[in-house]
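Structures are listed in the sections that come next.
Both complexes shown next keep subunit A, but they swap its partner, so subunit B is in the first and subunit C is in the second.
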Partner chain A sequence: MRILAVAQNTFRESVRDKVLYVLLLFAGVVIIGSKAIGWISIGQDIKIIKDLSLAGMSIFGALIAIFVGTSLVYKEIDKKTIYTIIAQPLHRYEFVIGKYLGLLALIFGVILLMSMMSAIYIVILGGEINHWYFIASFLVFMKLLLVTALSVLFSTLSSPILGAIIVFCFYVFGHATGVLIDLPRQFEGSWSKPVLEGLYYVLPNFANFDIRSEVVNGVPVSYSYVTYIIIYGVLYSTFFIYLAILMFQRKDV
Partner chain B sequence: MNTIAILKTVSLTKKYSSISARGYAVQDLSFEVNKGEVFGFLGRNGAGKTTTIKMICGLLLPTSGNAYINGCETVDPNSRRNLGYLPEQPYFYEYLTPRETIHFYCKLKGLNVKEREQEWLRLSGLLGLESIADIRLKNFSKGMRQKIGFAIALVGNPDLLILDEPMSGLDPVGRKHIRELIQQQKELGKTIFFSSHVLSDVEQLCDRVGVLSRGKLVATGHIKDVLQQDIRQVEVVFKDVAVSLMPFLKQRGTLLRTWENYVQFQFDTILTANQAIAECIHNGAVVIELTPQKETLEDYFMRMQIIEEQQKKKGEIYYSRVEE
Partner chain C sequence: MFNIHSYKKKVFYLFFIIILLVFIIGIQYKITSFEKVQSKELLYLPNEKLLSHFTAGLDTVIADLLWIHCLLYVGAEIHGDFSFEWLNKMLNAVVQLDPYFREVYRFGSIFLSSLRADSDAAIQLLHRGMYYRPETWDLPYEAGMIYLLNRANEPSSKKRAGLYFAMSSATGKAPQFVIDLAEKLNHEHDLIEIERDMWSNLLKSEDKLLRDLAERKLIMVEIKQICRELTFRVEKYKQKYNKLPEQLEEIGLSSDSIKDPLGGKFFISKSGKVENTTILDEQLERNKHLIENGIKVFSERYGGYPSNLQELLDKHVMTFLPEQPYEDREWHYDPKTGSLSSRVRE
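This part shows the complex of A and B:
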């Protein structure tokens, strides 16, 4: 109940902060992108538009998750709006979870709209859309669940700018964790090898959530993999939010 | 009579992690506020008033010691079920309207839809928010903000109100309005704990005061006991005093200033003032103005500081308590 109140308020704040303009940006990118493909007239343009749309959801969603997420708790402390909130009979974990869920609801809405908009556009262009397109979109959302959790964690620890830089690094490296276990020969026997390999297991692997090329090219993906990835995302996010709550629990505001 | 302490602190201490000159922002603070009391929390800038209030409201974690609301430790959010808090400067979600703001805080207090609507009607009526109900707060003036802040504090009709300098930054009309609101809440049987460094606000409202100096509680009790409220000096303005009378007056009191055909003297007691006045009137002068001088909060703080420094030199810790 109190969590929902905080969540609803966070959602409302983001909407009134005009975060939803990102949808226009997305539409612009997809439409201009598809036109560009038409001009250069390389074949298979429907595939490319699907690919572009899913990549766009991932990138624009991540922008919201990182920029809104890393300032989520920090801004409340900085602007002192948190004073009268903490003075309510509200547990601090309720505040953190409420903020997180509010932003997630917004991101879910944004991904849903992007997914619908692009699907309709693709159908208009004569392409075909099946349920895997929406499953791929949902996995983008699951990835953002994790990015948002990480951003919220940093919003309890550091300034938004520093937090955004760190989460952005996580995001970039998290898409390329494969290189860490696929190290070139020179690393053989050096101390850095186990460290880097260790990182592979510790860093969240964002690439796991991308089933974009499979879906675009009609390569089958198993439901058990989808289920596994959803559980992976939920557990990892829960862990980050748990850390965020620990950090916030005894913080002076 | 058995009164219950609705608010209580025991050796409450706060040391900020960043190094400050005296180390402790609040040190070993112990006091009790009883149900139905209006308690004034006095202290100069930087004395530690806000720090204490923030610990009571759960914003800051005490370095040591405890604070209790109705016997419940303030680190437990349940202690805040019956608490209303007005911060030093109220900050709001600027993108909300007053109506949305009150509804939001009602939800945090756990009220249901019907109770929320009733609460909005009650508070918007009490503070006159109807005409601005649906304007976003970012457009509001200081006085309107203080009203909204007060309304937030009153959400859920709490028994304990903690107000951090509720009248600072307001014009006389605004101050009067807030004073009336406090008085009103008092009549409803609420307990009010408010900080201030303005004596007149405190004098008019408080049953008891606590005085904080450099993080330590230096006195608690009725304001008349804490301040030396007996008349200390009397200032008199005369008109048309004969020159021949001046030596006589200078003997009894101190000449403060002269201008045109006026003179202003200060006398140490009422009695000497009266003697001087009698003599002057007898000789054709006129008394224009007579002002008794009482100790002000500023004088009090100066006196405290002097005592404190003297005690420090002697290596003692100064602590006085005036019980009612």
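This part shows the complex of A and C:
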């Protein structure tokens, strides 16, 4: 119940954040404006709108998670409101989990809104939408589950600006981990090959969550793959949140 | 109260903003003219493999934008010096970023073969497309057309075209004219050698999946060759003894000497042909898909299933009914559900 109270409070607080509306506005403009790009694509306008909508959810959702997430705990410490909170009968882990769940609820709402709006827009323009479009949107949310957890972790460790830069770097390189396993031939037999391949399995792999190309081009994706990705997202997020709790418990506030 | 000083100030600010905008537009105009001169150098693209890794999850969006850039580039080259120097690199970058983008393979191969006159690059692009989108009929069809139109002078062009049209028909989604074309060309030419060459080339691919596919296809080619040679022996046997052999052992083969690595079995059909179940099963699936596709088209056109398979021909949905590859089996069609199966002939 106490976790829920913190989550509700965080949700209300985040909804008031102006950054959210600026990013939502940009996402809306990108989705609606994608029609213009589609005009010069030999009949590929619907495909381009779907691509841009799903990519918009991913990038704007990540920006919301990063900008709001990295300041989540830090702001409470900076404004000294943390003292009134920890004076309450509330465990520190409850505070961190509550904050995380509150922001997740906001991100879920944002993704739901964007996917519904884009689906309606696509249908109005004569395109077809099936359940895989919403599964792809859900996997975007699963990716953001991980980004949010990482943001909350850095929110307990550093200032919002530094945290946002680090998480953004994680976001970019987390999409590029494939390069670690796709090594050129000159790496054959060297000690660096197993090390880099090991890193591929350890580092968070955000590219796992992208089934956009398959969904937009009508290529089947197995449900077992989707299930594994969901489990991966939940496990990795749990790991980051656990670290965030440990860091916050050690913090001298 | 109207304040003349404040009014003058506002006019001055407005004037200043307009002057500033005029300068900005002028400078942008100058920059654009620089871009026009340097456009070819600016088309440099990084290594496609690296490009796909460092897009921060925006790979399909970048592929879309690059595809549009590619179309604009084609337009500019048509009205320019017609060299299409960067076309292949751009197309490969697009499909590296979005490997399932079917239209890029299709239109890209048309651009490469008809505008750049580079049919090798077009075929390579289509092979890549066929790997990622094996269910599409139009990619092998385009490859066949390249052999018929752009490589007509080559001695084996019709054979190769026939093979690609057969691949297109095998998807079960090809329009009737492609199926007819495949039948016509395949009757004219012996495709085994050409098929062996094609899969042998694919065996050199760096991609393991492609190599695995080529290995399987090469085994199937060998099985077809064995069937052909054994049928020849069966014919000789028939001429000598005036009857068909019942077992393969009767033509001097032990059951261990001819094993199908794909798990199929060799047998002698009633008409005296040596057949293999791996080949027949694949053909069965292909023909079944073709008829099922016809039934689907029929139901979309007439709002119900045909009462029998003959109706597909009578109402010109199909021009011929694909055969049941097993001699002792027949198609079983249920008009209530529109489902098709294969069963042993009664």
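Here is the rule we use: the second predicted complex is superposed on the first by the 223 of 253 C-alpha atoms of A that agree within 3 Å, B and C clash if a C-alpha of one lies under 4 Å from a C-alpha of the other, contacts with A are read in each partner's own complex, and residues count from 1 in each chain.
The rule is simple: contacts are C-beta pairs under 8 Å (C-beta built on N, C-alpha and C of every residue); 3 or more make two chains touch, one makes a residue touch a chain.
Keep in mind that this is a model prediction, so the values were computed, not measured.
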Subunit A as common anchor, with subunit B and subunit C clashing or fitting: fit
Partner chain(s) touched by A:Phe206 [first = subunit B, second = subunit C, both, neither]: second
Subunit B versus subunit C as contact partner of A:Ala55, first or second or both or neither: second
First, second, both or neither for A:Asn217, with subunit B first and subunit C second: second
Subunit A as apex of subunit B and subunit C, Cα-centre angle in degrees (nearest 10): 180
First (subunit B), second (subunit C), both or neither touched by A:Ile37: second
First, second, both or neither for A:His175, with subunit B first and subunit C second: second
Smallest separation in angstrom, by C-alpha atoms, between subunit B and subunit C in the superposition: 34
Residues on subunit A lying within both footprints (that of subunit B and that of subunit C): none
Subunit B - residues contacting subunit A, complex: 16, 54, 57-61, 77-81, 83, 85, 87, 89-93, 95-96, 104-105, 107-110, 149, 152-153
Subunit C-touching residues of subunit A, taken from the complex the two chains share: 37, 40-44, 47-48, 51-52, 54-55, 58-59, 143, 171-172, 175-176, 178-179, 182, 206-207, 210, 212-214, 216-217, 219
Subunit A residues touching subunit B - in the complex, by the definition given at the top: 1-2, 4-6, 9, 12-13, 16-17, 79-92, 250, 252-253
Residues on subunit C engaged by subunit A in the complex (per definition of touch): 49-50, 52-61, 63-65, 67-68, 71-72, 98-103, 107, 132-133
